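Common to both upcoming complexes is chain A, partnered first by chain B, then by chain C.
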Partner chain A sequence: MSMLEETVYNVAKMFSRFPGGRRRANGDFSGEEFREDVVLPLLQKYNRVTFDLTGSAGYSSGFLDEAFGELGSIMPLDEVTRRVKLVAVDDPDAVEIAWERIRDANRERSR
Partner chain B sequence: MTFRVPPCPIVSHSVHARASELVQLRKIRLAAYARRGGLCRLLAPFQPGMRLADERSATSHSRKGGAEVVVASRGPPCGRPGACYTGRLGLRGGAMDGKHSPTSRSAQIRLTREREKRRLKRRSRSYDPLRVWMLTDSAEEKPNPHFKVKGKPKGELQIDVPPVLACDSSGDWELLCSLLVRIRTAALERAYKKILLNFHDVTSMAPEAAVTIVAEIQRCNAFCKNRTEITGTYPAAHDVAWLLDDVGFHKALGVKAPPFPKMYQPRSFLQIERNHRSVAEVADRLLDCFSNVFSFAATDRRRLHVALLECMDNVFEHAYATESAAPYLFREWWLAGYADAKDGTIGFAFYDQGSGIPATIRSKKKKTMKERFVNLKSWSDAKWIERAVRKGVSRHSSARRGHGLVKLKRFVDKLGVVGSLKVVANRGVATFHSDRTTDGAALKEMLHGTLVVWQLSGVAVVVPEANEDEHVRRDGL
Partner chain C sequence: MRLKSRGNVSVTRIGNVLGNGMDLRSGTPLWVTLALAVVALLGSHFLTVYREGKKSRQEREKAWRTSCQILIKEIVDDATKHYCDSTSLGAATDLSAAKINNNLKRLGALAREISAVEPSHSADLGRLLRLLRDVVTSPADYQMPNRELRRAADHMFTEISECESALISNLKKARK
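The block that comes next holds the complex of A and B.
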C-alpha cells in the first residue's frame, strides 16, 4: 500500500490543549497515548508528518519523551528527521527538547 | 495451565483434558501438584504417551500416596481419538508429603487452611490486585491496602498547634514536621478515639503549612475514620480561620466554618486542588484563578504549568512505592495557589505524602552508589535535593529520563520578579533563589513526602473582595 505524501497535525486543536504526563495510566492525553494513537498511525499513513505544537498550555518532558523521543528507538535517526517535522511558534523549547530526546533514544538504540 | 480435579480419593486422581488443552500442555513446563479438590499441574512437559513423572520419583511418590493420573485425549493432535495416556503424578510439598490423608475433622480443616494459604501465596506471584486496582480509573482516594490500623480506640488527645506556623527557616519547618508527625502518630499508631487539634492560639499560618496539615488530616481520615475522630477548635484570628477554610480544613473535619464579621476583608486568596492523576487542566484552572490576582507573562505561565505537570508525573512515577506498607494514599497530591495582599506574595505549593525525593533516589540508586559513588552516601537530604533539581536525577540509566525536576527551577530562573523555589523532603530543605543562589538546610524532624513551593515576592497582589455571599457560605447559613 502506497503512503500519502504529507500532512500537518496540530496537537492543540486535534489532540488536546492540555497534554498530560508520560504514561497512559497516569491520566488522559498522555505522551504514550499520543504516540500510540496519533504519531505511529500517522507515520504509517503518511510519508512526512508535521506536528504543530503551537497553542498548547505546555508540554512536560515525560510527554515529549514518550510521544516523540520513542521514535528514535523505533526508526533510524535519518528516517525520523526526514519524515517528522516539529513546529512550535510559542514554545520553541518543546521542539528542542523533543529532538534532544529523539537523538538520545537513537544513541541508546545504536548501542 | 491448571485443571480442576474432581473430588476423588487422594490416591487415585483422574484428570481429563481435552485435546486443545493438551496442545497447550506440551508448551508448558510445570511442576506437579495434585490434590483432592484442588488444582492439578503437570510435573514435566507433557508428551502424548509419556509418563508424567520419571520412574523413580513416580515410585517414590507412589509410596507416599502419589496419584495416578489419567489424561484422556480426544482427537488431534494426538492422532488417536479416544486414546488415553497414563502416568503418575507425585504429591509434592506441603502437609501431604510422606503422610496419608488426614482422617480427623480438625486435621482436615488445618490442611485445608494450609492449602488455601499456599494457594493465595501462589496467586499473588502472578496476579497483583493492587497493581490492577491502581490502574483503575477512579476518582476516589486509594489508601494503601497493605497498611492496617491496629488497636482498639481509647482516650482522647489534644494537640496544641504552635501559635506561629511559618515556613521560612529550618526551625519553622521542624516545627511543622513535628506537628504532622504528632497528628499522624496519634491517629494511625496510638489509636486514640478522639484527637482535638487546638488552633485557638494560632495567630499566623503559612498557606503551605495549612496544606500539609489538611493533607495529613485527610490521610488519617482515609485510614481510620471509623476508629478515630479528628476534630479541632476555631482559631481566634480571622485570617487563619479564613485560610484554613480556604484550604478545606473545616470540610476535612466535617465541621462548619467559623462565622466571620460582615466587614471582614480577607488578606489572602487561596485555591486548592487534590487529585491522583496527571491532569493538565487542573494546573491550568488554578493558574486561571490567579489571572485576576497577578498577571503572568505567557512564557512564565507556561513554565509554571509545565513545572506543575512535572510534579504530577513525578508523583505517579516515583513518590509512592507500591510494595511499601506505609500509610500512603497512592498517587495523591495536593496543589495550592495562594496570594497574600499584605505581604505582596504569590505562591504555589505542590505536596505529596510519598517517600520523598532523597529517599527515592537513595533506594533507586543504591546499587550504583555502592559501586561508583561511595562518598555520595554521606550526602545530606538537602544536598540530594539540590543535586536532583539542578542537574536531574533518574533511577533509569537512560539519558532520556530525569529531566523533570530541572523544569521546576526554570520557572524561577527566568522570572522577571524576585522569586524562589523551595523543595522540602525528608530531612532536607533546599531553596533556589531567582538570583541563582541556593540555600540548603538539614532538618531534625522528617517530612514524610515532598513539598515544592514556588514563591514570588514583592509583587502587587489584588485579593478579590469577599462578597456577602462568601460570608454567608462560610457561616454555613
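The block that comes next holds the complex of A and C.
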C-alpha cells in the first residue's frame, strides 16, 4: 500500500490542550496514548508528519519522552529526522526535549 | 577712503543690532557662532534621548528579571507541594501538574524575551530551563494520582534547588 505524502497534526487542536502524563495509567491524554493512537498510525499512513505542539498549556518531559522518544528505538535516527518534524512556536524547549529523547533512545538502540 | 569708511559704518550698525555679545569685530564669524549653538543643542538633545533610553532599558531589564525570579520561585514551590503535600494527591494531581507544566512553558518564553550579551549564556539558560523541566516533570510518578509523598530530604529537591540557583545566577548575566 502506498503512503500519502505529508500531513500536519496540531496537538492542541486535535488531541488535547492539556496533555497528560507519561503512561495511560496516569489518566487521559498521556504520552503513551498519543504515541499509540496518533504518532504511530500517522507514520504508517504518511511519509512525512509535522507535529505542531503550539498552543497547548504545556508538556511534561514524561509526556514528550513517551510520545516521541520511543521513535528513536523503533526506526533509525536519519529516518526519524526525515519523516518527523516537530514545531512549537511558543515552547521551543518542548521540541528540544523531544529530540533529545529521540536521540537518547536511538543511542540505546544502537548499543 | 570713502569705501573703507562705509564698511566701518556697516559693521558697527550690525554689531549694534546683534548686541554686545555678538560683536563681529571680535573675530568669530556669525555662522560659526550659530553653528556651535545648533551643535550644542543637538548634542544635548541626543544625550538626553540616549540617557532616557538607557534608563528605560535598565528598568525594563530589572522588571523582566523580577518576573522571571517570581515565576521560578512559584514553579519550585508548586513542585515541592506537588511531591510533598497530600493535598496535591488524587484528583488534585492533574490540576497541580497542569499548573507546573504551564508555568514551565511561560518561564521558557519569558526568559527568552531578553537575550544575553554572551551567546554561551543564552545557551546555558536554555539548558537550565530544560533541566528544570526534566527534574520536575520526568519522574514516572509525576502525574500518578496515588504517588507516594517524598520526604523533604529527597535528592530531587536538592537538584531542583541547584537548578533554581543556577537559573537565577544566569539571569543576572549581562543582557542586551
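As a working rule, the second predicted complex is superposed on the first by the 111 of 111 C-alpha atoms of A that agree within 3 Å, B and C clash if a C-alpha of one lies under 4 Å from a C-alpha of the other, contacts with A are read in each partner's own complex, and residues count from 1 in each chain.
The rule we apply is simple: a residue touches a chain if its C-beta (ideal position, glycine included) is under 8 Å from a C-beta of that chain, and two chains touch if they have at least 3 such contacts.
Because the structure is a prediction, the values reported are computed rather than measured.
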Chain B versus chain C as contact partner of A:80, first or second or both or neither: neither
First, second, both or neither for A:49, with chain B first and chain C second: neither
Touched partner set for A:96, first chain B, second chain C, both or neither: second
Touched partner set for A:20, first chain B, second chain C, both or neither: both
Touching partner for A:69 - first (chain B), second (chain C), both, neither: first
Touching partner for A:59 - first (chain B), second (chain C), both, neither: both
First (chain B), second (chain C), both or neither touched by A:39: neither
Shared chain A surface residues [contacts with chain B and with chain C]: 18-23, 25-27, 30, 57-62, 65, 90-91, 97
Of all residues in chain A, those that touch chain C in their complex: 18-23, 25-27, 30, 57-62, 65, 90-94, 96-97, 100
Residues of chain B touching chain A in the complex: 134-135, 277-281, 283-284, 298, 302-303, 305-306, 309-310, 312-313, 316-317, 331, 398-401, 403-404, 407
In the complex, chain A residues that touch chain B: 16, 18-23, 25-30, 57-63, 65, 69, 90-91, 97, 101, 104-105, 107-108
Of chain C, residues touching chain A in the complex: 93-94, 97-98, 100-106, 108-109, 112, 126, 129-130, 133-134, 137-140, 142-145
